[in-house]
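Both complexes below contain subunit A, partnered by subunit B and then by subunit C.
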Partner chain A sequence: MISTLAYGLTIGGILYIISIGLTLTFGTMRIVNFAHALVYTVGAYVVMTVTARIWDNFVFAGLVAVAVAVPLSYLIERFVIRRLYGQSIDYAIIATYAVLLVGVDVVKWLWGATPMPLSDPLNGAFVVLGGVELPLYRILVIAVALVVFAALEVFFRRTMVGKIVVAGLENKEAVRSLGINVDRFFTIVFLIGSALAALGGVLYAPITSIHPYMGFQVLLLCFAVVLVGGMGSIRGSFVAAFVLGLVIAVTGRFWGPAAETMVFVVMAAVLIFKPIEA
Partner chain B sequence: MLLEVKELDVAYGAAKVLHGVSLAVDDNEMVFIVGRNGAGKTTLLKTTAGFMAPIAGSIAYAGESCGGTPAEAMALKGIRYVFQDKRVFSQLTVRENIELSAYMTPATPTQAVEKVLEIYPRMAQFLESRAGGLSGGQRQLLLLGCALIGEPRLLLIDEPTEGLAAGTIAEVFEVLQSVKGRVSMLIVEQNLDVVRRLADRVYAMKEGHIPREFRSASEFQEPDALEQYL
Partner chain C sequence: MSDDAILRAVGVSKRFGAFSAVTDVDYVLREGEVAGIIGPNGAGKSTFFNLMTGLYAPTQGRIEFRGRDVTRLDAHQRVALGIVRTFQLVSVFGSLSVIENLILSVLRFREGAMKPWRFLFAKAHSVEVEDACLAALQRVGIAHLASAPTSTLSYGDKRRLEIAMSLSLNPRVLLLDEPLAGLGDGEITEVLELVREVCKSVTLVIIEHKISRIVDLVGRLSVMCEGRLLADGDPRRVLEDPEVRRVYWGDKAVAAAS
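Right, the complex of A and B next:
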C-alpha cells in the first residue's frame, strides 16, 4: 500500500507541475490551451535526446529541455494565443488543438513514432520506508513538485509581478486602469507555465515511455486537475493533482483498466456538486 | 481645457448608446454628470478612460487627441478611473492594493500608503488585512485614496456614494471636498445634495445625449433644475 501511495503522489506531483500552466492560462486569459501538451511532449523528447547524444546527465538534459520550451512556447503565444485574447473560447480550442496536431507530426518526423524508454536516472536507487522499497527517483519527483509549489507561492505572494498577475486574474480592467499592461505580465506567466510543462515531461519520461501521442493522455488528466481544482486556482490545482494522482494509483492497484476512468468519475462528481460559474 | 470631448458616438456592438456627446473639464475643475440609470454615464467615463473606442467624435486630453488610446496608456498620462462597482483586489492585502496603485506612478510605496492614510486615517488598522474583508464604504475610501496616489491630473469617478450608508457618504464627501481645486474631476453622481455642494459645473445626461449644461452654481441650485434629469 505504501508503494501505491508513493506512486500516487509521484503521479500527482507530475500532474501538478504540468497542469499549473493550464490553470494559469485559463485563469489569466480564459484560454484553453491544447498546445500545452506539445510543450510537455517536446520536454520529454529533448531530455531523451540530450542524454543519449550529448551528455548523459539527467539534470543537465532536463534544464536544456526546459530552456527549449521557453522559445517554443513564446512562438506559440506570440503567433497563436495572443490573437485569441478576448475571443470565443471555441477559437482557442480549435487553434491550439491544431498547433498540437501539427506539432505532434513534427515530433514524429524528427524522432519517429516508436515509443522509446528512458532509463531511471538514478539507476534504480531506492529508499526503504516502512519496510517497503520505494524508487528514490519517484520520491524526488514528489519533492520537486513541493519545491515548485513553494516557489510559486513565493512568486505570487511576494513578488510584484506575481501580485499583478493575481490582481489581473481577479479584475483585469482595474489593473489596466492603473497603467499596467496586464497582457505583458500574462505572457510571463504563460512562459513559466510552459517551462513547467516541459519539466513535467522531463520528470515523467523515465517513468513512462516516450511517444508522440504522450501529450494527449496527460492533457485530459490535467484538464481534470484544472476542473477539480476550481478553474484557475493555483492552490486548488495543487490539491486536486495529488488527490487525482492517488485516485489513479489506488484504483490501478485494484483494477488497472479503471485507473484513469476513475479520474473522470471524480471530475464528474465534482462538477455535479460544485458547478463552475461560467 | 484639460479634457475636451466632442461629438462622441459610442456603441456596444450594434447598439449605439452615446449620440454626439460633448463636454469639457478644465484644470482643477470639479464637474458632475447626473442622469438616470442607463443614460450612458458609465459608458462615457469608460470611453474617456480608454476602455472603449468611440465610433465617431474626438477626445482631447492635455492637448493630445486620444480617442481609442488604450486604458493603460491613458492611465500613464495621469488619468485615474474609479469604477462604479467598487471592487478592490480582494485576494491582496490593503497595503498590496495600495502598492499596486503606486506601481506605475512616481510615488514610492511608502508615500502611497501615506496618501491613503492622509485621506482616511482609519485604514491604518486594515493595512495588512485582505482587502476582500473591507466593508463597502471602506472599499470606496480605499479606491479613492488609491486614485489620488502619484499626483493624477484627472479623476473619473463613477457614482462614488452609490449604495453607501449616510455616515460613509459624509466621509466620501469630505474626501472629495478636500481635493476640490487641486485636481480635475469628472464625477457621475445621483446624490444631488452632494452634487450641489461640490460642483463647479454640471452636465445632465439623458438617453445618450447631454441635453443641458449648468454652467454655474446659480443655474444648478435652482429648485428642480437637476431633479428633472433623475
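Right, the complex of A and C next:
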C-alpha cells in the first residue's frame, strides 16, 4: 500500500506541475489551451534526445527541454493565443487544438511514432520506507512538485508581478484601470506555465513511455485537475492534483482498467456538488 | 468649443451586436469642472465611461484628452495620462490585503511605464512605498485597516479604498461610476464629503442615480437616456427640461428621488 500511495503522489506531483499552466491560462485569459499538451510532449522528447545524443545527464537535458519549451510556447502565445483574447471560448479550443494536432504530426515526423522508453535517471536507486522499497526517482518527483508549489507561493504572494497576476485573476479590467498593462504580465505567467508543462514532460518521461500522443491522455487528466481544483485557483490545483493522483494509484491497484475512468467519476461528482460559476 | 477641454467625446457610439448602448454622444468636460451624469438603468452611462477610459473601443467617433486623440490608446495608457476611474461595482482585490491593493496603484504611479522585467524584481514593500500607501489610506480614513485582508472590509470601506487607489494614480480627471451605490446613509455622507474634498484639485465626473445627492455638488448635469445625451448644462435648468421630466416620469427609482 505504501508503494501505491507513493506512486499516487508521484503522479499527483506531475499532474500538478502540468496543470498550473492550464489553470493560469484559463484564469487570466479565459482561454482553454490544448497546445499546452504539445509543450509537455516536446519536453519529454527533448529530454530523451539530449540524453541519448548529446550528454547523458538528466538534469542538463531537463534544463534544455525547458529552455526549448519557452520560445516554442512564446510563438504559440504570440501568433495564436494572443489573437484569441476576448473571443468566444470555443475559438480558443479549436485553434489551440489545431496547434496540438499539427504539433503532434511534426513530432511524429521528427521522431517517429514508435513509443520509446527512457531509463530511470537514478539507475533504479531506491529508498526503503516502512519496509517497502520505493524508487528514489519517484520520491524526488514528489519533492520537485513541492518545491514548485513553494516557489509559486512565493512568486504570487511576495513579488510585484505575482500580486498583479493575483489581482488580474480576480478582475482584469480593474487592474488595467490602475494603469497596468495586465496582458504582459499574463504573458509572463503563460511562459512560466509552459516551462512547467515541459518540466512535467521531463519528469514523467522516465516513468511512462514517450510517444507522440502522450499529451492527449495527460491533457484530459489535467483538465480534471483544473476543474476539480477550481479554474484559476493555484492552490486548488495543488490539492486536486494529489487527490486525483491518489485516486489513479489506488483504483489502479485494485482494478487496473478503471484507474483513469475513476478520475472522471470524481470530477463529475465534484461538478455536481460544486458547479462552475462562469 | 473652448480650449480648456480636458476630455472630449466626439460623435461616440458603441454597439453590442445590433444593440446600440451609446449613440452619437458629444460631450466636453472642461478643466476643473465637477460634472454629473444621471439617467435611468441601462441608459448607457457606464458604457460611456468605459469608452472614455478605454475599456471599450467605440464603434464610431473619437475621444480626445487635452486636444489629443486617445481613441486608440489602451485603458492603461490613458491612466498614465491621468484619466482615472472607479467602478459601479466596487473593484478592489479581495485576495490581497488593503495595503497591497494600494501598492499596485502607488508603485505604478511612481515607477511610470516600467518594463515588466524590471518590475519583476521590484520590491513589493519598501518603506517609501508603504508610507505613500498609508498616507493615501489616511486621506480616506481607513489607515487602521492597512493590513486587513480586503475581503473582510465593509462595502463602504472598500469604496473608500477604491477611491484612495484612484487618487494614488495622480488623476487629472476622475470618473466615478455611482460611488454612492450600495452604501448606508452614514457612509454616503462621508464618501460625499470625500468627493467634495477631492474635486477641489481634480476635474471630476460622477454618475449617480439619485439626483438629490449630487445636485449641490455638481456645477453641471447631463442626462442620458437610451444611449443618447438628452440634456446637458446647469443642473437646475436641466431638471426643468420637459423632456428630462418626461424620462423621469417613467422611471420610478429616479422619480422618487427627485
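Points to keep in mind about this one:
In the analysis below, the second predicted complex is superposed on the first by the 278 of 278 C-alpha atoms of A that agree within 3 Å, B and C clash if a C-alpha of one lies under 4 Å from a C-alpha of the other, contacts with A are read in each partner's own complex, and residues count from 1 in each chain.
Methods note: a contact is a pair of C-beta atoms (placed from the backbone, for glycine too) under 8 Å apart; a residue touches a chain by one contact, two chains touch by 3 or more.
Computed from a predicted structure; not experimentally measured.
For subunit A, the partner touching the most residues, choosing from subunit B and subunit C, is C. Using the contact criterion defined above for the overlaid structures, shared-chain residue A:123 touches neither subunit B nor subunit C, since it reaches no partner.
Judged by the touch definition given at the top, the superposed model places A:176 against both subunit B and subunit C.
In the superposed model, A:166 lies in contact with both subunit B and subunit C.
Residues 160, 163-164, 166-167, 170-171, 173-182 of subunit A touch subunit B in one complex and subunit C in the other. Against subunit A, in their complex, subunit C makes its touches with residues 53, 55, 74-76, 79-80, 84-85, 87, 91-96, 100-101, 103-105, 107-109, 116, 119-124, 165, 169.
Listed in rising order, the residues of subunit A touching subunit C in the complex are 158-161, 163-164, 166-167, 169-171, 173-182, 184-185, 188.
Subunit B makes touch with subunit A in their complex at residues 49, 51, 70-73, 75-76, 80-81, 83, 87, 89-92, 96, 99-101, 103-105. Residue ranges on subunit A touching subunit B, taken from their complex, read 160, 163-164, 166-167, 170-171, 173-182.
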